[in-house]
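The structures come next, written out as structure tokens.
The two complexes that follow have subunit A in common; it is paired with subunit B in the first and with subunit C in the second.
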Partner chain A sequence: MVALSKKTAEAITCNRAAMLLLAVAVILTTLQYAAVLPAWLHRIPDAMVPPFAAWLDVVFNFVKDDLGLLKFTRFFTEGLENVLDTTGNIFFGKYRWPHLGPMPWTAVAGVAAVIGYSLGGWRLALLGGGTFVWTALIGQWNIAMETMSVLVVAAPLAFVIGLSFGIAAWKYAWVNKAIRPVLSVLQTLPFFTYLLPAVIFFKVGPTAGAMATIVYAIPPMILMTTLGLQKVPLEVIEAGKMAGCTRFQMLRHVYIPSARGDILVGVNQVIMLCLAMVVLTAFIGMPGLGAKLLAMMGSFKLGRSLEIGITIVLLAVTLDRMSKAWAVKQPVHFDKGTSWFCRHKTLVSALCVIVGFTLLSKVVPIAGTIERGQDFSQGKELDNFIKWLLAVDGVQSVTYGIRYVLNVWVLNPFRDFMLSIPTPAMIMMVVAFAVWLGGRRQGIIAAIFFGLIALSGWWDRSIITLYSVLAAVSIAMLLGIPLGIWASQSDKWSRRILIACDTAQTFPSFIYLIPAIMLFGITATAVVGSILIFAMVPLTRYTIEGLRTVPPEMTEAADMAGATRMQKLVNVQLPLALPTMAVGFNQAIMFAFFMVIIAAFIGTQDLGQELQRTLAGTDLGKNFVLGICVSLMALTFDVVIMKWATDKKHALGLA
Partner chain B sequence: MSSERPVISCKNIWKVFGDDPEGYLAKMPPDMSFDEMSEDGYIAGVKDVSLDVNKGEMLVIMGLSGSGKSTLVRCFSRLHDITSGTIEVAGQDIMSLAEKDLIELRRSKMGMVFQSFGLLPHRSVLENIAFPLEMRGQDKHTRRERALEVIKLVGLEGREDFFPRELSGGQQQRVGIARSLAIEPDIWFLDEPFSALDPLIRKEMQDEFLRLQQLLKKTIVFITHDFDEALRLADRIAIMKEGAIEQCDTPDKIVLKPATEYVRKFTEDVDKARVVRAGGLAEADQTGTGDPVDASQTVRKMARMLVDDTRDFIPVSRAGKPIGALSRAEALDVLLGDQ
Partner chain C sequence: MKTMTTALTAGVLALAPLSAFADSHADSSDPIVIPIHNWSSQIVMSNVVGQILETQGAIVEYVTTDSQAVYESVRLGDVAMELEVWEGAFGASFRAAMEKGGIVDVGDHNAVTREDWWYPMWTKDACPGLPSWEALNDCAALFATPETGDKGRYLDGPVDWLKHGQERVESLDMDFVVVNAGSAAALWAELGAAEAEKKPIVVFNWTPNFAEAVWPGEFVEFPTWEDGCDTDPSVGPNPDALFDCGNPATGYLKKAAWDGMEDKWPAAFATLEAVSFTNPQIAEMAKLVDIDELEPKEAAEVWLEANPGVWETWVK
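Right after this comes the complex of A and B.
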């Protein structure tokens, strides 16, 4: 009881503090509108902004040149280059050792089908084989293989590095403590911030792309490894000890095999993040699907973009389903006397497929490579069709209407209002929000984080970034949550929508630009549109999950109390689902911060735009300052919302 | 039971969980109760236990959940490091063993069976059973041969290549038992081995276990929360409560002369005639007359004879040698529940 009342008292002081901060913020803003607020209270004067970028540059230069990091990484680059050239030779026939490739497309598709079959039966075989057949027939074989050749190097490297760090973090508490904050920053850092250091240290092109991809994909692998190892049942560990395992034997024979499932989920995430990042590294000159998509979207060739988009999506879904199937696959015994060939039928059939199709391609060239002009691409026709469709009066007036209403009545006024708020007032509002939802600790974190952003000298651009995120997520909530609530009412539709969300989450984020640009052209609405679609997925998904996991005895109790559907929803289901929905909201915000930076490609005025500009130069300091600004904003939300969600779950007895 | 030195001998052992167990225990007044310690944020897993386990005997440690029985058995094998006291296993002070020697001890002398089996999910039955042998570096061929031997012993022939997931609970525990026997241990720890099984399978597995013990004659420490199981299997029973041993004695003595109120509550609903044996009732200073009864006979088995007989004292013999005589009146009291 004592502890409880203490907690309540703390909550009351927190609420009071939040109200007070909000009041001051409102007063400051009013003064600003009344034009009596001194300028130095509206924005921090430029003279007071410390030159963070220059300081960082000094540090980077010291590490890079004086400590010789650059020499080391350049040396490393050569090794990586050799590996990438080798896979390049095998996949798309780069003229290089080992002079084996390119593998005939029929062989690659055949092997994909065999692997698919062994992991998940005919459906996965069809998906795997079909994806590669489509890629070949649509005439994107070479660019797809360029992407794949980097992926097959980046994903295993990220896996090995992530696994090692994961084991270290599990084994040594201090490693875990040191690594956690770094991981949270890495996971919220915009990808442009990964790209520039990669370029500086690892040269433009595939090597830098591969490095950025590897670094980007490591964090979830570390987290999943640590989680999996911690979850190994105590009795299994004790059984290992009683069997007289040494420490290394414990790790090799007991811990890692028992954590197989979680580690493979980590592998799944590594593969998906690698694919997403490999596509995005087009921005630093990585050839492949991403580069082609970037070029096609840049020249507004939407039909072509759509075809490449479909290829990327198919690849993503194939890789996702296969790695997930691998994660849940359980060992099955063979009957006595099963022959070696039957026990290893996947290996045998894969080899047969490779040899068979390679021989076939010597006789029938089209089974080896599909030449230009032999493909079935309908790019031009699609381009024309889409242009025609968008030009139809009805369609045009609708998209134009949406654009006009959003821009003139919603987005622009909201942006202007956000920009008009004085810096200290804005910080106070954020802190008030953090204190009210999270508590004192969260308030302090928010104050420090937003204070740093104010001092960074990029306040206006940060606020524009924040505005895009908030605007898009708000609209996404208006659409996504009702959709989730509606779907959760029936088994059939919850299942269908959940599958759709699952699939959509595997798409590399770049893909989401295609429909946005298609509908709204290269405008601010398209930016919000792409974030909106991307952010809607987790909102809908967690709404359904939250509502579906309300304990049945509670809904039954509501039914027996004679509640109508609406009463049940409002009084029982939604309150209990709220913590889960908050997790979805948090994820939506994180996704939005990620997407808003990519949308710089369309043309924005926020941090992303500046970040993209730094890629052209060697301005590492500025690049980092910008990246950290995005990261700090995202982390503030993450810290506050997750704290609230866990508190609420505990209070409701759901955790 | 025998004059040889005990296989496991522990003196005044404590296992305290908390932030600084050693420091706390050193400063703690000696008569602290379990609850008082809990208030300070420390849990007494094992509280001042002294106990010997003799060669070839089956000691059953009985207690409700949280009584510290599993903690105690884990102290014997040093899965837990004790906070204070000494434990000697096979003549060695196990707390002073280096990691290498501890591993060697476990590889050569100890086997353990777990409540939820603790099987490695990625290994087949054969590989699970051969696991301890593999760890100590035996070659594939001998490993396989020995594993097949134990598989036969526990009746799992034909399932060598199955994976744990493909077996029923009873079969999984047979794998667990086989694995613990693979290295031919001298000391066999069983931590509630049958608790996760349903009642019919449990009975079957107990019979199977008794058969194995007849065959192997190991020194056994058996943990259970089931008093009937304890009575059925034990040479001696140690009853634990809040980390301390309430009473450690033969089943007869526990049933006939419970040391504390807590122990008496357990014995209340037990059909004593099925537990108490002639040997337990025998008084050494009496001789009696006529034909002797065997010490291993339960009162229930002797019921007809006890009612029909007219002697006051009936001689009792173990393995043909007289060890005393039992009072017929007393035996009848046990039979009729007038104790």
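Right after this comes the complex of A and C.
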């Protein structure tokens, strides 16, 4: 009781503090509009902005040259390059040791089918084999294999590094403490900020691509490993100790097998993130599907870009389903005396497939490689279809109307308003929001983070970034949440919409940009529109999941009380689903911060545009400052919303 | 656990087809790395030069890089050469790299480059006075969009291309608002959308470029470029402003190389010095990929077969 009233009291002071901050912010803004606010209160004077970028450059140069990091990484790069050369030879016949490749496409497709079968039966076999057959028939075999040759190195490396860090973080509390904030920043840092250091330290090309991919894919692996190991039941540990295991044996035979499920979820995440980087790393010389996609988009070949996008989605879906099946599949135990062939059925059949198809490709060349002109690419036809669609009467006048209303009446005024708010007032508003939703601690964090952004000298651009994110997420909520609510009412539609969500998420986000521009021009509407698709995915997904995991006792109680469907939804299901939906909202904001940077390719005036500029040079300091600005804004939201969701879950007795 | 391992092993084995069927090569000399970027003519030209070098016995590899960052890579020797140094687009990065050292100028192509305000042909129907810039300015309202009000919109290249569209509009007092596209792809998307309804549009464009083949068009004729237009306000029609003339209509297209290339691959370097393409040749290469939909490698083979007279003299 005492604790409760103390909490209530704290909540009341928090609310008061929030109101007070908001009031001051409103007064400051009004003064600004009345043109009586001194300029130094509207924006921090340039003279007061510390030269963070220059300082960082000094630090980077010291670490890079004086401490010899560059020498070390370049040495490491050579090792990595040898590995990539080897896989390159095997996958697409790069002119390197061991001079065996390339593998015939039929063999790869066959093996994918065999692995699929052993993991999940005929359906997965069909998916695995089918993906590779599609890739070959559509005429993308070589580029897809260029991508795969890097991924088969990057994903296992990310797995091993992530697992090691995860174990260290579980074993030593101080590692965990040190690693957490770094992981949070890594997860919110825009990918452009990964790319530039990757180029400087690991040389333009597949090596830099592999390194950027690894860094990007590691965080969830670390988190899942630590989580899994922490959850190992005490009984299992004691059983291991009683059996007299050494420390290493405990880890190898007790902890890791028990945490297998969580670790494999981490593996799944690693694979998905690696695929998400396929296109982005093309900016730093990663060959393959991404590079081809960018070249195709650069020469206005929408159809071919779309086909590459489909290939990437298919690869992602295949690897995702396979790794998930692997996570669920329980280890099989054989009776003593089972023959070697029976125990290694998959291995044997895979070998047969490889030998069979390799022999076949010597006789029938088309089973080895599909030449250009023999493929089934419909690129030109798709281009014509898109052109036809745009020329249909009414299409452009409708989009013109949407564009006019959104740009002239909504988005541009909203942006100008956000920019007109004085810096201290903006910070106070954000802090008020943090204090009100989260609490005092979250308020302090928000104050520090936004204060740093103000001091970074990139305030206006940060605000434009924030405005695009807020506008897109608001519209996404208007569309995504009702969609989720509607879909959650039936099993069939829940499943269908969730599949659509998966597809929308793995589809390379670059491809959204072109139709967005063609429909809405190079304007704020196109920018917001392309973010919108991405931000809707988590909102819809978590709304469906939140509503469908409402405890059945609760809904039954509502039914017995005679509630109508609407009453049940509004008074029972939605309140209970709210914490989960908040997690979706949080993810929507994170996704939006990710996508807003990509939208720089449409044409924006935000942080993304500046980041894109740094990519061509060697401004490591500036690049980092810009990246951190994005990260700080995203983290503020993350900290506040997650705190609120956790509190709410506790209050509802769901946690 | 066992099936897991088996599945993995099967996967690993899939990567190693029987060595009995493999081709074996003994050559182990260092490969010459040629950078490729994201536009077709450069990719095909790189492949053409690469295949010419291969006829001399060199081992050639291609790496995709950013077209601005590449000069840093050339300087460090990560890549051996750059075949398309555009005066307008990359002159600044190239000069900066030259000052730092490590990169050498290997001479100009015969081709000239031009980058400026440009419109597709259907625009001329609506504004017949074109290509003069004064006529364009008189038609400004035709180019208006919801966001620009009465003024026309000029779609400039990405800000980092530094094309000074804004400065030119101000110095020539034009009724245009400059909007920066975020990428070349964004420019084409706008053009493609305008094409559907034949809407007048004026954008930043350059030659040689694939777009000429897709959308026939012309450059806007601004006051002719004079040296110093970008540094001395008195040059050009407006005595108080910079950038009051069009871009040079005949910019250079250079070849650049790592300064260690001559020692490491003397024969290849000699060939590179001799290489020189003309505008029609470059357009032909781009066409093979952009219109005929060949892969760059095949396009290069086709071009080499069709033009032996051009390149065989370059090889000594």
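Going forward, the second predicted complex is superposed on the first by the 623 of 655 C-alpha atoms of A that agree within 3 Å, B and C clash if a C-alpha of one lies under 4 Å from a C-alpha of the other, contacts with A are read in each partner's own complex, and residues count from 1 in each chain.
FYI, contacts are C-beta pairs under 8 Å (C-beta built on N, C-alpha and C of every residue); 3 or more make two chains touch, one makes a residue touch a chain.
Here the structure is a predicted model, which means the values were calculated and not measured.
Aligning the two structures on subunit A places subunit B and subunit C next to each other without any clash.
Once the two complexes are overlaid on the shared chain, A:C245 sits against subunit B while remaining clear of subunit C.
Once chain A of one complex is fitted onto chain A of the other, the partner contacts of A:P257 extend to both subunit B and subunit C. Look at A:L620: by the touch rule set out above, it reaches neither subunit B nor subunit C. By the touch criterion defined above, A:E235 reaches subunit B but does not reach subunit C.
Once the two complexes are overlaid on the shared chain, A:F334 sits against subunit B and subunit C alike.
Contacts of A:L547 after superposition: neither subunit B nor subunit C is touched. Between subunit B and subunit C, the partner in contact with more residues of subunit A is C. For the three-chain arrangement built by superposition, the Cα-centre angle with subunit A at its corner and subunit B and subunit C at its ends equals 150°, in steps of 10.
The gap separating subunit B from subunit C in the superposed three-chain model is 6 Å, by closest C-alpha atoms. Touching of subunit A by both subunit B and subunit C, each in its own complex, is seen for residues 257, 331-334.
Here subunit A touches subunit C in the complex through residues 87, 90-91, 95, 98-101, 103-104, 107-108, 111-112, 114-115, 118-119, 152, 199, 203-205, 257, 282-287, 291, 294-295, 297-301, 326, 329, 331-334, 343-347, 349-351, 354-355, 358, 362, 372, 379-380, 387, 390-391, 396, 400, 403-404, 407-408, 412, 513-514, 517-519, 521-523, 599-604, 609, 612-613, 615-618, going by the rule given at the top. Interface residues of subunit A, counted against subunit B in their complex, comprise 233, 235-236, 238-246, 249, 253-254, 257-258, 260, 330-334, 336. Every residue of subunit C that touches subunit A in the complex is listed here, in rising order: 1-4, 6-7, 9-11, 13-19, 21-25, 31, 35, 38-40, 43, 59, 61, 63-70, 72-73, 78-79, 93, 145-147, 155, 158-160, 179-186, 188-193, 195-197, 210-211, 214, 289-290, 293-295, 298. Against subunit A, the residues of subunit B that register as touching in their complex are 74, 77, 79, 103-104, 106-107, 110-112, 114-124, 131-132, 134-136, 161-163, 165-166, 176, 179-180, 189.
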